[in-house]
Amino acid sequence: MLKGSLRKLLNALLLMIAVLVLNFTLIHIAPGDPVEALVGEMGGATPELIAELRSRFGLDQPLYVQLGTYLGRIAQGDFGHSLYYDQPVTALIAERIGPTILLVTTALFSAIALGTVLGVFSAQRRRSVLSHLVTVISLAGFSAPVFWVGIMLILLLSVSVPLLPISGMSSADSAASGLFYILDVLHHLVLPALTLALIYLAFYSRLSRASMLEVLGSDYIRTARAKGLPKRMVIYKHALRNAILPVVTFAGLQFGQVISGAVLVETVFAWPGLGTLAFESILRRDTPTLLGILFFSAVMVVVMNLVTDVVYRRVDPRIKAR
Amino acid sequence: MTATSTTPASAPEAVSPGRQAWRMFRQNHSALFGLAIIALIVLASVFGPYVYTVPPREMVWMPLTPPGESEYLLGTDYLGRDLLAGLINGGRVTLTVGLSAAVLTVLIGITVGALAGFFGGRVDDVLMRITEFFQVLPNLLFAMVVVMLFSPSLLNIAVAIGVVSWTSTARLTRAEFMRLREMEFVKAERSIGAGNARLIWRVILPNAAPPLIVVAALSIGTAILFEAGLSFLGLSDPNATSWGRMIGDNRPYILDSSWGVTFPGLCIFLTVLAISLVGDGLNDAFNPKLRQR
Amino acid sequence: MLERLARRLTSAAPIALAAAIGLAPIAQADPKDGGTLTTFTSGYRTLNPAVQSGAATGAPGSQIFAGLVTVGKDYVVQPYLADAWQVSDDQLTVTFDLVGGAKFHDGQPITGEDVKFSLETVRANHPFGSAMFGNVESIEVPAPDKVVLHLAKPVPGLLYSLQPLLMPILPKHVYGDGQDMKTHPRNMENVVGSGPFKVEENNPAERLVLVKNQDFFLKGKPHLDKIVYPMVKDPLTRVLMLEKGEIDYAPFAGIRPNDASRLEKAKGAHVTTDGYEAIGYVHYLELNLRNEPFSKREVREALAHAIDTGFLAKVIFGGRTVPGTGPLHTGNPFYSADVPTYEPDMDKAAAMLDAAGYPVGADGSRFSFVLDVPSWAPAAHVPMAEYIQAQLAKLKINVELRKAPDFGTWVKRVSSWDYEATMNGSFNYPDPTIGVHRHFDCDNIKNVIWSNTQGYCNPEVDTLLGAAAVETDMAKRKALYADIQRKVQEDLVFIYMPQDYSATVYSDGVANLPDSPFGALSPFYDVYLDK
């Protein structure tokens, strides 16, 4: 058991190093040059200054030397400085991760909660209206581009009926503080979270219905019912517990992909999270920031996989026994 | 399709599984509806530009003209370009990229999965490490980086989507291959001297086909959504306009023109929806048991 | 000739002077003190205009830092930190007297040494640094309130370069610690300025808040308590906020032509295009003149006849701008309309291409080229490029658009001359010697972006540019620039597109906005709220 965990950790570590090396190499062999981008942002510069900047960022060194230096620094927890913001990459990520987590957790948890309820109930009556509703939601949610859903919601709830703010995380008026600030942020959160939640909902309602159907059809539930246990107890005590397992697994995986999932929604709503930072860093060729975010999101995936694994063991007694 | 059959042809049933599946599929009205929509969209994209000849990138009328207020049925965009012409021609781009990306996804996924599942051991270990590695990368973000770094041409976009999307196909193929390689009919083929290549491509793959066909169909939809997302962000070929790019281009003008974003979005939605319906129909057709339950 | 720009004024005089010659339209009513002006930012990387050009830094930078002078209506230079200056008869020595008792935000006095340090910093670090101050041979500080500039050659635009936007007065005791100025931590953290407003909160992801500098050296100013710059990147949000009155003042890229029509109808909102004359944003098609076919003037002329810039002005900018006719913006004081123009005429264009040796070939085309589309200003450049592509296709010229993935890639291609054609645009400001000469000087054919990257050299034009650079007589200088504009349009160095649409939206009650041709980039110490 312990040996297995150790192996998993080592595996994850190797994976992380591979991610670093690939991303670094890819970004550095591609055409284009961060210094040129920076110089452009400054409004132009002399060739001498360009050369100086290049040597300051170590870009005049051979690629393997740069890679070695980079890995060495990472080992010490130093992800370098953003070329654009003149701030350490770690500080930048720390600043932007909060809004992203807020957005994604709100969307994910509401979708899981609602999706599980929908899925579980619709699985019990296969030809009911609810069951058809789940089918429609899941099909629509899977087929609609998330950014388009966001724009449609803006047209509906910000433009036609001006209920909700169109973008950003807080109002321009900086006077708000304390409770008002929190309310303001929540007000801004509704639309992007709703957009993201609709997409997640499609997935979780379908997933929980499928797994509930699977469990309800399984032998031990049939046995339980044959033994004359009340229907309600069978469903809530036995079936639900098992049906929720895949939901846990996927929630973990999805949370790991949090940044990728949020890029489009954050862009539509100008939400100041990691997704927008990543997109801007690509446009600015801000290599250290981009590498930091890519690495950070890979770490998220790996960590969430490990966490999911642990949770899964807790929830599912069968695995523990094995 | 059953474990005891040596080859599909000598299966106990009189009808081939393919025909049986089609029979099932035919009874599925939503799947047939999906198929009809796909046929319509493909026809419109392939022949539409010859029938409706308004040039899609020419500024033909007053910008931001609402639908129905000019000879241009769906109105014009922020540059006075005909929206209908844009949709018809954009469909070509969207479908081409979606289809090529899906083909790439499936090719990589099946190759990796088949090799890992068939050989097992060291090969499986290495290939699964690689798969894990690609699973860990944030897929949209990584595709954005690739497209950005190597310039946004249609080919690069398709490749980027393929490179980040193949892992689930690979895992599925691997599982199928692991299950099938121990089956009697495979052992029988091996005993009469079939080589590895024959076993993989001729013997196991056809038997693993049903779930893979479903995945392949669905991956076209995923690829279309992926392309739409990239184009929406502006990561698109400047020489070609896809539906996703139309949404991105018209988004800043939604206060004055909702049609500029609504129609291209509907096109994407309908196309992917139709593909999903067909995918679901195929799934049910290949797994009659699941339906009966 | 003895020309004296000298002005002797008491420290309280700037207001008197401004009022006397009818500059800043000081309303009948007395300015009211207090209130918060809400504007916006779409993001900035530094607050120090000494190391960064552009409006994102310049607009707040001109509030945080003072300058030696400001520029008022019709380009009239007004006293600021320098309450007077004298120019020697030979135009080679300029002496500035500084206001007494001026202090930085941290309470340290502002001295001539700080002015000297600031000028040297700008010269070394600002993109236009050497263009503006390359002819400043030495700087002398004979007394703490006196600064003397010694020039190698007369510099007619010198005073324009001494406004806070271009030469902010920096505290030497903060920045003079030997650290690199471009990445100095104090450019963003704990910024110590010299201007009418102090930094209270600087969080580039959310907002910048400036508060009134109680110890500002111009007594009784500024009037506003606060200026707030919330981060609003999304143009839609800006428009909605302006409609609702949540933003009081939105200059620069905030407003697009279709928004303008919308906002003109909104209650309490005003739209003006004043305040962008000096910046002079012009768009153009840049052709690499080194290689065929664009080395042939006839080919360029054919292109000019094929591209209907009047049509583009209507479509892209809603008819709110005019087609460019040359390197200078129509709002520039040296602008001349007396230039050759090329009317839209596809038949003529086709005939010219035939004559130039580019008939339609066996493959059905005359020639092909790649047109680069920069990643910046996509709302202007992408439609322009697509229009050119469609238009030239009618002439059987194949144009392949190549969108640079990021800014750096485009800069690299153009500055290393590795391109055939590109959409481009640049700013005139603040003096043609800085924004215009760089594109035409023979000795500025460099591997630097927005230099003479297209490789144009006409000795006749070069001579005219040299003369205009040192001519201090306005009328004569105007005549020289008229000649220059005519010549470069005869040569068709660039094919000019419509001028950019720039507008400011402000709400009722915002009074005394700067009427300088530099608009939002001027100090706001006279602005007040009347609501």
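The first chain written gets the first letter, and so on, giving A, B and C; residue counts start at 1 in each chain.
By our rule, contacts are C-beta pairs under 8 Å (C-beta built on N, C-alpha and C of every residue); 3 or more make two chains touch, one makes a residue touch a chain.
Here is each chain with its UniProt name: A, B = ABC transporter permease; C = ABC transporter substrate-binding protein.
Predicted, not measured: the structure shown is a model, and the values here were computed from it.
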State which chain is most central when centres are taken as means of Cα atoms.
A
Which of B-C and A-C has more C-beta pairs touching across its chains:
A-C
Rounded to a whole Å, what is the gap between the Cα centroids of chain A and chain B?
23
Just how far, in Å, is the C-alpha centre of chain C from the one of chain B?
49
So, what's the distance in Å between the C-alpha centres of chain C and chain A?
41
Chain B: positions in contact with at least two other chains
148-149, 151, 254-255
Residues of chain C that contact two or more other chains, please.
236, 240, 405-406
Enumerate the residues of chain A that touch no fewer than two other chains.
31-32, 282-283
Residues of chain A defined as touching chain B within the complex:
15, 18-19, 22-23, 26-27, 30-32, 139-140, 142-148, 151-152, 154-155, 159, 213, 217, 257, 259-261, 263-264, 267-268, 278-279, 282-283, 290, 293-294, 297-298, 301-302
In the complex, the residues of chain B that touch chain C are 55, 57-59, 63-64, 78-80, 147-149, 151-152, 234, 237-239, 252-256
In the complex formed with chain A, which residues of chain B make contact?
129, 132-133, 135-142, 144-146, 148-151, 221, 225, 228-229, 232-233, 244, 247, 251, 254-255, 258, 261-262, 265, 268-270, 272-273, 275-277, 280, 293
Okay, in this complex, where on chain A does chain C touch?
31-47, 84-86, 95-96, 158, 165-174, 270, 272, 282-285
Provide the residue numbers of chain C that touch chain B in the complex, in ascending order.
235-236, 239-240, 256, 258-259, 262, 311, 315-316, 318, 373, 378-379, 382-383, 385-387, 389-390, 400-403, 405-406
